[in-house]
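I'd like to ask you about the structure that follows.
Going by the order they are written in, the chains are A, B, C, D, E and F; count residues from 1 in each one.
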Amino acid sequence: MLPTGTDALIDLALREDIGDGDHTTLSTIPPDARGAARLLVKDQGVLAGVELAQAIAHRFDPDLHFKLFLQDGATISKGDVAFTIMGSSRSILIVERLMLTFMQRMSGIATLTHRFVQAVEGTGCRILDTRKTTPGLRVLEKYAVRCGGGVNHRMGLDDAAMLKENHLAWAGGVRAAVAAVQASAPWPARVIVEAETEQQACEAVEAGADGVLLDEFSPEALLALVPQLRQRAASRVGAAPVVLEASGVQPEQLAAYAATGIDLISTSAPVTRSRWLDLSMRFDA
Amino acid sequence: MLPTGTDALIDLALREDIGDGDHTTLSTIPPDARGAARLLVKDQGVLAGVELAQAIAHRFDPDLHFKLFLQDGATISKGDVAFTIMGSSRSILIVERLMLTFMQRMSGIATLTHRFVQAVEGTGCRILDTRKTTPGLRVLEKYAVRCGGGVNHRMGLDDAAMLKENHLAWAGGVRAAVAAVQASAPWPARVIVEAETEQQACEAVEAGADGVLLDEFSPEALLALVPQLRQRAASRVGAAPVVLEASGVQPEQLAAYAATGIDLISTSAPVTRSRWLDLSMRFDA
Amino acid sequence: MLPTGTDALIDLALREDIGDGDHTTLSTIPPDARGAARLLVKDQGVLAGVELAQAIAHRFDPDLHFKLFLQDGATISKGDVAFTIMGSSRSILIVERLMLTFMQRMSGIATLTHRFVQAVEGTGCRILDTRKTTPGLRVLEKYAVRCGGGVNHRMGLDDAAMLKENHLAWAGGVRAAVAAVQASAPWPARVIVEAETEQQACEAVEAGADGVLLDEFSPEALLALVPQLRQRAASRVGAAPVVLEASGVQPEQLAAYAATGIDLISTSAPVTRSRWLDLSMRFDA
Amino acid sequence: MLPTGTDALIDLALREDIGDGDHTTLSTIPPDARGAARLLVKDQGVLAGVELAQAIAHRFDPDLHFKLFLQDGATISKGDVAFTIMGSSRSILIVERLMLTFMQRMSGIATLTHRFVQAVEGTGCRILDTRKTTPGLRVLEKYAVRCGGGVNHRMGLDDAAMLKENHLAWAGGVRAAVAAVQASAPWPARVIVEAETEQQACEAVEAGADGVLLDEFSPEALLALVPQLRQRAASRVGAAPVVLEASGVQPEQLAAYAATGIDLISTSAPVTRSRWLDLSMRFDA
Amino acid sequence: MLPTGTDALIDLALREDIGDGDHTTLSTIPPDARGAARLLVKDQGVLAGVELAQAIAHRFDPDLHFKLFLQDGATISKGDVAFTIMGSSRSILIVERLMLTFMQRMSGIATLTHRFVQAVEGTGCRILDTRKTTPGLRVLEKYAVRCGGGVNHRMGLDDAAMLKENHLAWAGGVRAAVAAVQASAPWPARVIVEAETEQQACEAVEAGADGVLLDEFSPEALLALVPQLRQRAASRVGAAPVVLEASGVQPEQLAAYAATGIDLISTSAPVTRSRWLDLSMRFDA
Amino acid sequence: MLPTGTDALIDLALREDIGDGDHTTLSTIPPDARGAARLLVKDQGVLAGVELAQAIAHRFDPDLHFKLFLQDGATISKGDVAFTIMGSSRSILIVERLMLTFMQRMSGIATLTHRFVQAVEGTGCRILDTRKTTPGLRVLEKYAVRCGGGVNHRMGLDDAAMLKENHLAWAGGVRAAVAAVQASAPWPARVIVEAETEQQACEAVEAGADGVLLDEFSPEALLALVPQLRQRAASRVGAAPVVLEASGVQPEQLAAYAATGIDLISTSAPVTRSRWLDLSMRFDA
């Protein structure tokens, strides 16, 4: 099920690309021409965007017909065919670029996410995304992260409260900041404190934070710190557990971090550093 | 001057990120708190997005005050400060992420474009972008390409006519396709033919195409083909010149391609393969 | 700070009311007429909507000038003046109705919320709203609940996960449902189980739910159940505490429920059953 | 036939409630689950919103299937089933709240309107609404008034001209105000004068007003005034009749006012004071 | 005061014309160039659109400065200067076309309306527009009609009820149709019957219609019919007057129709048959 | 294929005309009434807008059924029937006006364009439109020009670069202006210079302009100038041909201008001076 608002985004993107008309296609392809094409995989990774591609095609021309062979989240390799599309040749040619662009970007994100997930496999540690996403495309990019086996972090500033340096300073310290949020944010909003020092992390746990984001700690530092934080959590009011999250982790260090006992690693890399997967549309002769 | 429609995009992106409110900031920062921050460059490249960042800030809070030190297109290196922003601490914290995201992406594009432009410097060959851009962000990404010294290719399907394989096939060949476009597209729309063989390229020139896109030819092949195409153009009706464009060029081959005498190299790499530049917002103590 | 999207809502509401023009005012009031009016309170309760009223006025006519005497959240009684507004007489007359409508509705909600909050004062129990809000006005109605001293429950289906009867049935029971959510919802999303029996409540705690919504239990039943649930929580993995919430509570029973030791009472009454507060705009002679 | 613009309102409301996705439902209900539910009436009154509920469901998921048993405007009592809905379990659960919210509010309005209509039955007097409606929902609330047997007053400031205190003062009296409107408002716009004294009412009739709104007159005062106004109308140019409307009427006084011979009673109570009707959605086992 | 929604229309029109940027201006005019231009009248008639032109300019660039010499509704002749505009040369050049287009069209409408108004001067008959307006521009075109001294007919299907041939047939005749509307339309909606025969006109008066639209009657026929209809109106319940309107009138017959004693002549000609007035923007050297 | 964005325009226009409902139709026509109507041609010319009319009808009521007899671009004369429409009588009556308005305007444009095209038949000269179109309707009006056999000029400021007086002055002459555009506009954007003197025209050719717009030259002047410009083009770098366009041409001079050897005549007359074609909707008894 595609996120709400996907239709509006499709409309925006179609308008952006087509403008007042695809002169090339309208000049050369007759209105009643019929054709077929297949989405050919020329790369290897995890597929994402097939459901969206179908929505794009139907939004532009409800009479385009799809036959799906692979679903979002499928592992793909060179030569696979994700779907075939049949109908008006004009329509297929006009929406081709937008379908490909979305699938290439989203599959790239899913693929890199998946690699990260594999790197921590068996440790119980999970891979999360961040708010560093392409403006306007957040729900789709976070969808792609899920296709790759990742878990979504908060969708926006209106989800969990994340107390960073400036919030802590203004509120007068970790304890005061946590209390301030608990008093006025919606009840289901969790409180997460971004800690840059061991002391901040300890204070956050003691202050009752639901989660602590340990930013740019080394794996060694975490190895020592994680059990200490869990212990403090065990002795706090209600003996509430705490969720420990690492950030600032380089791809090659994923396993080392996962081995420290943390619960989550959040990283923007699958969105900001993945390359577009090589997919192409092949028209039948 | 930012492209038309930028305001609508900013609204969309702010709504996406803020949703029903930044609980963290609203809980911890008093409404009348005032502060300042500076945009610190931690990387090296070409700046793009400063004007947009300012528009984002003003759109969210017209009372935020900017002092600009660097303009879009400026060469930047570690330690540079692009601007300072002063005003409501709440506002600065809330828009920080969106300003950064846009500037990091756009500066990444400008930087890679600039490297490509440098690679062909002195040859007269120009670097162009493509239609492979992030859905919804095309005008901004193409703006970033210009900041890096590149030239924009068509903005959408409604600009020049680009005849590709399928159009040629449906129209009954290169000559018929070119004629079809010239008869019905808006008069200023140029006709470009994407050629995959030497023969197609020659036919395109003879058919009167304004430009020929030579896709995935080797530099060696082009070295022989380019003069031949120019010669044919010289002998066509009205002796019209032809614009020759190469695509499918790897970054390390840019100089070799530029040396073949072609006019343009179009590449999606600055948009699809650039990494986000490292920029950060530093709050004053 | 008004919720994001308020401007779009104001535009919608102004268009709805003004349509192609206020013929009455345009026919009778000259364009350059200037006047002043004051917002007179004729009722007693808690004020909400003043900041919005100001936004409405400025959206329609940036030259309208406000002098605020009372802020959102203030306790008000008959004869109080919340603000004065000065400027174009045409503008004041045209926006009067919309400003009043919002303030009357929102102050009604804040007032009833406040009564509920007072009824549980001293018990540590907090009053929450629900998703039963007026379509399109949720953020504003939840803002009014905060003005009255209430706390917001989730803003929409995309916040916390709330497992109700049908979700539990489809997932194959409480334990499976909780696990399913923990595996795929965004990490900061809390898991709340709506329990209709003691057994479901116990299962929810054991399954690791962050919260249990106890629907239509009697105060007597809760008196026995609450300590039992807290005890089970203490003995669960990590000894995590659980947040206990009651719903289906009649206004006259608020104190009795609060006395049972629950943490939260959620109720739609302030939104669905409050009456519009009596406020009026008085024009100066 | 639902009012124009209903689809846009549905989109707005769905987006508000669903945001980036119903995590609960997506986590626990499989995509291919099928189910059915029925709209059960647990209250008594007049139904409104069934047609809208169907539009909401189809807007979200065109494959949801409805079977209608009761139409908008039907008298309902406890145990009635208004419709059944069949299809994707996910879809039904996701749209349930919005369908209910609209039907409960609208049926509440229709029900109270109907009671008012019954209170004046047989007198020829009709019940009207006002412009005091929920911002953004006016057309739907006025639709609900019609379902209850009421008649709509003007839809917005752009319908009839209603001259109130300030308009009269600026224009230089009743006569001048009526003339000003007749000279410049669209021709079909009626002129109604809001009178607060007998003298104003008489002047309004003499000035040629189409209607006079008698605000906060007692039934006794009206009993004397109404025939007097009709007589004056009979003697005015063209012997034009005048429509007499009372406002400021308490529910318990409806019959007394209707007995005075006035034509219309306008009241915001069905919109601002009705309670949500008790309706619920029952899922089949 | 421009109609509500004008800003949205301006945005739409600017986006339509500017698209992704005015390459010509951006390439040739430096960003800091300043200039001035004046709106020169090269024709004669009635001015309309000056206020709109100013709104367009400010919408695009709030720093453009206007000096107005003539207001909407002013009589203009060759050589007049309506306003001067100063500021960014880029901005002036970019908005020039849209300002001119609106002013030329609207002034054309105002001018032809004015001629029609003059043709019936002294008769008491007024000139009305119709619903035949340019889709999307109705409020502006009706505004231009007012500038020319005309009166607006209904703004849309939601204003007065106009019973035409098909409505009468379905309702079962004039009397039934009028009654149906009076029973269910909003109370201030007048009932107008479009009559194509004398008999229909008489029936309409007797049925209590507020107005009768006499379509394609000759002046001679009206000369006899008008007094007859007024007489019938005098003898109807309440002796209500009736408003008589003629349509299907050719420009050269306006005086003859006005002399028949009818109240209104409605005509689409000022909108559908006026030519664009000759106005131009002159840049200062 | 209708231009992108047509649906949004239809929505806008329907909302404008219908507002909160067609009271007349809703009061008099039962919801289940079924009927049929035919689009009757009462004029002679070229048809345009049939495809749009169908889109309007389906947008409002997907169950309206069309039978098309004539396509856009067809030559029509009195008595022709363009289509029949069947379905809900309410729906047909409500959308009738909008369908007619668009078809009448667009057919008027197509008809006058066609006359212009006929006037230059056999000369090889083509008729172009301009940017003087109705704000918001440009794509539809340019579509109508194509239906009449005309060719579209640029769609907006973002297509070709057209250097006018002010651009030339700011850039420092024709040569500099052309160079500036070639350096920074998107590559496929042609450069056209608007010349008001022979000297400017010659300079434009020498500067390498793709086209020269010869504004308000007499046919005699062109007869001499055209061959001279072609000759200069033949001797320029690459011997590039130049496209010569005349503007400021009166309808009666079309043939004389076409005979001068120019390639194009651009004129706003089909849009700004055409009259609405006489078309009407006839309902079956």
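One rule holds for everything that comes next: a residue touches a chain if its C-beta (ideal position, glycine included) is under 8 Å from a C-beta of that chain, and two chains touch if they have at least 3 such contacts.
If you're wondering where the values come from, they're calculated on a predicted model, not measured in any experiment.
Q: Applying the touch definition from the top, give me the chains sitting in contact with each of chain A and chain C.
A: Where chain A and chain C share a partner, that partner set is B, D.
Q: When the contact pairs of B-C are compared by residue number, which of C-D, C-E or A-C has over half in common?
A: That interface is repeated by C-E.
Q: State the pair with the higher C-beta contact count; candidates are E-F and B-E.
A: Higher contact count goes to E-F.
Q: Give the label of the chain whose average Cα location is farthest from that of chain D.
A: Most remote chain from chain D, centroid-wise, comes out as B.
Q: On a CA-centroid basis, which chain has its centre farthest from chain E's?
A: Here the answer is chain A, farthest from chain E.
Q: Averaging only over C-alpha atoms, locate the centres of chain B and chain F and give their separation in whole Å.
A: Centre-to-centre distance between chain B and chain F: 31 Å.
Q: Suppose each chain is reduced to the average of its Cα coordinates; what separation in Å results between chain A and chain D?
A: That gives a centre separation of 45 Å.
Q: Quick one: which residues in chain A touch 2 or more of the other chains?
A: If we look for residues of chain A contacting two or more partner chains, we find 18-21, 26, 138-139, 155, 158-159, 184-186, 189.
Q: When you check every pair of chains, which ones turn out to touch?
A: A-B, A-C, A-D, A-F, B-C, B-E, B-F, C-D, C-E, D-E, D-F, E-F
Q: Looking at the complex, which residues from chain E come into contact with chain D?
A: That would be residues 126, 128, 146, 151-155, 158-160, 184-190, 192, 210-211, 233-234, 237-241, 243, 264 of chain E.
Q: Mind pulling up the chain D residues that touch chain F in the complex?
A: Result: residues 1, 3-5, 138-139, 142, 155 of chain D touch chain F.
Q: Note which residues of chain F are touching chain E in the complex, please.
A: 9, 12-13, 16-30, 33, 35, 89, 93-94, 97-98, 101-102, 104-105, 131-139, 155-159, 161-168, 170-171, 177, 180-181, 183-186, 189, 272-273, 275-276, 283
Q: State the interface residues of chain D toward chain A in the complex, per the touch definition above.
A: Going through chain D, the ones touching chain A are 14-15, 18-21, 26, 31, 90.
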